[in-house]
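The two complexes that follow have chain A in common; it is paired with chain B in the first and with chain C in the second.
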Partner chain A sequence: MIKLFDYILSVNCYKQRLIMSILDVPFESIPVDFYPGLEHKGEEFKKINPLGHIPVIDDDGFMLRDAHAILVYLASKYDPTGLWYPVNSPELVGETTQWMLFAEGTTNTASAARLHVNLGYEFDIDSCREGAHRLFRVLDEHLWFREQENRDWVCSGEHPTIADIAIFPDVILSEEGGIARIDYPAIRRWTDRVKRLPGFLPMPGIFPTADARPLSHEV
Partner chain B sequence: MLKYRHVRNLGFGGLEHPVMNLLGNPEVCTNGAILDLWHPVVPTSEIEVGIVRQVVLLGQAVSYSLTAPGTYFAWRTDPAIPAGTVFMPSVVTENLPVLHRYGYLWTSLGDPSESLFEIPEYDEPDRRNIHAATIGVYCSAPRAVENFLDLGHFPYVHTGVLGIEPHTEVVEYDVHVDPENNELWATNCRFFQPMAAATSTTGKTVGYEFRVPHPYCCLLYKTSPLDSSRVDAIGLFVRSVAPDYIEANMFLSLLDESSSDSFIRQFQQLIFAQDKPILENQNPKLLPLDPRAETPVRSDKLAIAYRRWLSDLGVTYGVLPKT
Partner chain C sequence: MACFQRLEPMSKSLTNLWHPIASAEDLPYRHIFQGQLLGRELAVWRADDDFVNIWENRCLHRGVRLSIGRNEGLELKCQYHGWRYANRSAGCTYIPAHPADAPARTICNRTFPVCERYGLIWSGEDPTGDPPEISLLEKGRTLPLRSIAVNASLNLVLEHLANYRFSLNGDPGNLAVTTADYLDQCSLSVTATCDSKQSTVLFFVQPVDSNRSVIRGVLCSSPTDSERLLTLRHHSTELSHLREKVELDALKAPLIQPMTPTIEQVPITSYEIMMPSSGRKASLRVQVLRKWVTAEGIVGLELESIGKPLPTPQPGAHIDVHLPNGLVRQYSLTNAPGQGSLYRLGVKLESDSRGGSSCLHETVKEGDVLAISEPRNNFSLRRDAVKTLLVAGGIGVTPLLSMAHTLRNNKLDYELHYFAQTDGHLAFPEVLQEFGDAVVLHLGLSPEATSKELTALLLGYKSAMHVYVCGPGPMLEAARRIASEEGWPDTAVHFEYFRNTIEIDSSSSFEVSLARSALTLEIPSGKTILEILRANGITLMSSCEQGACGTCEVPVVEGDPEHQDVYLNDSEKAAGQRIMTCVSRAKSPRLVLDI
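Let's look at the complex of A and B:
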């Protein structure tokens, strides 16, 4: 079984739990005492990842680090439909990569602000918040135009991709870092759509949408 | 980048200034009932020998350090002794009182009692005392304490862990003030929990007691999953940074020999992180002490008593006092 070196409050670890839940891939979570223990900076953990960060996966001896690289691997290996990482379309794989790089930006701004407020990491909070709002504005406008084309996701295909999974956690937890989403209605509609994906898994701070029967259901 | 718990800029005002402004209002505590208490500064496990560090307590910057022989120091921040520099005890002109208790450094900005409230479980030899985390939350200290004292939210906020529908009933429990120590207690509480502790494997009805020995500190005692005749103790020790911003310390004293610290901490952090968005969205931010300000239900008996107890103590910081 895949082992995920995991921390419950990490957005980057959550991205892996979320994609594996959606793809129905069983995994074992190995808790790393990221905070307050700083276990990921210790000598023992550096044997697993010399860069000293999580997540890392161990898939039957194959080790991989870096959140967005792991998403690429998991979708490539465990999604038989090939839709989550759409390598068969040059355009879509290009877009997916583009938005995964965008997610590096949301992680370094919105999620950095969250680490500062929650756990006291030393970041320039003003510039984290300004940077997050700049990216959210771009994402909100982009998603609004997608909606005009009857598209639900950040890439132009009909199916969500790992780019949605990469961006979603940074966005949905932004208010913990003091970044309100009230001015981004298209983002809010998109986060609701992500929450309704079959297999969606919440994390602390993210509330699932209510269970509802389809309208046609006969009671 | 990886050193935490030092000077934290909340983004609302300059912490370089010893008086912090939050949302434009002066937030320095002048409430004697609060100033005279001991307050947690930081977990001692995070204090480095010989380095000056700084936090904000009740709107005032407080510096602290530890000498090589193991003596803790705290003082009101002095620009001549900046955070991050090497600590020399002789340069501090006026020390604040300090205590090292339950794994935390405590100080007071007023005239504190000699000792802190007692947690007898802490000294039992077969217990594990663990600091689970210090987490920043945009809420008032009394809002965080009141949430900690509430069984009713378990099935909705900690779904599948501390509660689950349809087991939502909070059965009648008893509330009293212990006259000797002026502590607030709730006893004979019972609640069905699917996963009461990190070690639980099945759901069961768990016995609870809640204890509030300090306006900003509270404990709960719950049946140990390993020994039904004894209890685990879980504490929430809040440092109020501003009336509406806290750094909450989670403390555990458990009868658990098998789980790793990492596992126990992540379980506790999971619970706390589920509460966080609820706390941050409560309005008003300050806890209203007027009994007519919010509409309680029967299960809020302890919360009602807590608000009355705060009023009786003369607490005005972090609350909307009775008019």
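Let's look at the complex of A and C:
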């Protein structure tokens, strides 16, 4: 079974739990005392990841670190539909990669602000917040036009991708870092849609939302 | 420009204006939009009946934002402790920490006026007059633009918008000459002219706070499908450019203090104590909107408020109806929280009517005005049961319908067992259909067969199951007896009688001491406690005044009550801690009441 070196409050660990829950992949969570123990910075953990950060997965001996790389691996290996990481379409896989890189930006701004507020990390909080708002403005406009094209997700296909999974946690927990989402109504609607994905998993600070409209044959 | 009708005089205060606060498309199915106007945050949600609710974005319990809660279709549920509030009225309908108690009617969130028009949702702090009618938008088809939030004051945004330029064909390199006209202090029109063609955009600037605004544009024409996206993108891009300039200017401007909206103190009385104000008050006036025969001998009545909106109908609640002939009768509400802004009743013509049901059947007609009391809920529904059985006999189905609606909307496990003579006697068949397989009909059964069916359906009690029974006396007695035999504790068996058929013995005389009022009164034979209290200026709420509804209940501190009501269950009667003052008396020479 996949082992996930995990911390309950980490957005990057949550991304892995979420995709594995959606893909129905069983995994074992190995808790790492991230705070206050700083176990990931200790000598023992550096044998697992010399960079000293989580998440890391161990899939039957295959070790992989870095949240967005793990998403690529898990979707490539465990999604038989090939829709979550759409390598069969050059356009879609390009877009997915583009938005995964965008997620690096949201992690380094919105989630960094959250680490500063919640766990006392020394970041320039004003610049984190400004950076997050700059990205959110772009994302909100993008998602608004996606809706105009009757599309629900960040990439242009009909199906969500790991790019949605990569961006969602940074966005949905932004208020913990003092980044309000009141000015981003299209982002707020998109977060509802992510929460309605079958297999959606909550975490502290991320709550389920009301169910989607039932399909006509279910009424 | 002559074609614009001025919305409001220029001098009106911002709090007295209607402002757009959201786009219609901001409110998809089961979403809660987070808005803000003049510093006040709003939770805006469209209910399943299409009604748009605009509320203070604040749970009355712990102040948590309701916009992170759940839109459950007809109720909004706070994410924190699960308090629920009804569509339309915003009244609290359920407090999970007190599952057996009906929340007090006074727990009601603040609502703001709403109007959906031109693809926008309009509201205001305290708007005077009707929502704006804009002739240019009335005429043809329109296209709402993507709204743009700007970190700048209303006036700064308006100044820049007056110089807004755009292209008629979406080509950013070909911006047309524009002219601007103010409509009022928050809105203006911008018209672009190019090669004798014209395009006009109306801009409404929403004053979010002192230093924050939202630009809401509506294009006064509707481009073809192929041009639509191009047009929307063009305006989104040009307005984003404009925003950059406005925000640079805003950085140079002196910072204005954020607005501080006043949060109204909502009177939250405890959910346990609903302090009575007086006797049978009929504070509401309603008009009979619709009256129809819903089943053999049963009419349905829909009552619509005259004046202020009706209080939230909680599942199991009833109202007093003051009839034209002077009689006062109690009827259960059949509709659930959030279902419409009216009350729906079902009234059976009693063969031995003493004038109540016959008056509603024969005299009252559509359009008539009736006086009713505010709803009271002495038959409240828990929403923490693993399974709920609703058992109805005849017209006793009425309170159970509102419960079934609520349980169904909350996706909780329930069954509605409906005992009736024939299917022609089933009230509100169109409503029953909505419940699908959850309805089990038991038709034309003798009393013996009824008991047998009750035994079958009450078999297999499990912890945290609850049963609610309403129907004729003998059936209720049977259901209570069988439930007890099948191991149901009294606390899991909830019932409501139509009337008290116990012959009331009022021959005793005794003394009543009022612990809180420091008053001792003699209750002579032939007089009720309630009558003597009232004669001595003690106000007490009452409704049926025959020991069936539970409204005039009072806590007992000392003494031995002689219960003659059908509201309390056997263990409650044995405990002797509560008394129905309209019929019950004392076995001991003295009763001390906690009033």
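What to note about this one:
The definition used in the following text is that the second predicted complex is superposed on the first by the 209 of 219 C-alpha atoms of A that agree within 3 Å, B and C clash if a C-alpha of one lies under 4 Å from a C-alpha of the other, contacts with A are read in each partner's own complex, and residues count from 1 in each chain.
Keep in mind that, in the parts below, contacts are C-beta pairs under 8 Å (C-beta built on N, C-alpha and C of every residue); 3 or more make two chains touch, one makes a residue touch a chain.
These figures come from a predicted structure and were not determined experimentally.
In the superposition on chain A, contact is made by A:R189 with chain C only, not with chain B.
By the touch criterion defined above, A:G178 reaches chain B but does not reach chain C. In the superposed model, A:F207 lies in contact with both chain B and chain C. By the touch criterion defined above, A:P90 reaches neither chain B nor chain C. Between chain B and chain C, B touches the greater number of residues of chain A. In the superposed model, A:P198 lies in contact with neither chain B nor chain C.
Of the two partner chains, chain B is the only one that A:I8 touches; chain C does not reach it. The residues of chain A shared by its contacts with chain B and with chain C are 207.
Of all residues in chain C, only 22-23, 25-26, 28-31, 33-36, 41, 68, 70-73, 79, 146-147, 149, 214, 229, 232-233, 236, 240 touch chain A in the complex they form.
Against chain C, in their complex, chain A makes its touches with residues 137, 141, 144-145, 147-149, 181-185, 188-189, 192, 207-213. By the touch criterion given at the top, residues 1-6, 8-11, 43, 45-46, 131, 133-136, 138, 247, 260-263, 265-266, 269-274, 276-277, 280 of chain B touch chain A in their complex. Per the touch definition, chain A reaches chain B in the complex via residues 7-9, 31-33, 35-39, 41, 116-126, 129, 175-176, 178, 203-205, 207.
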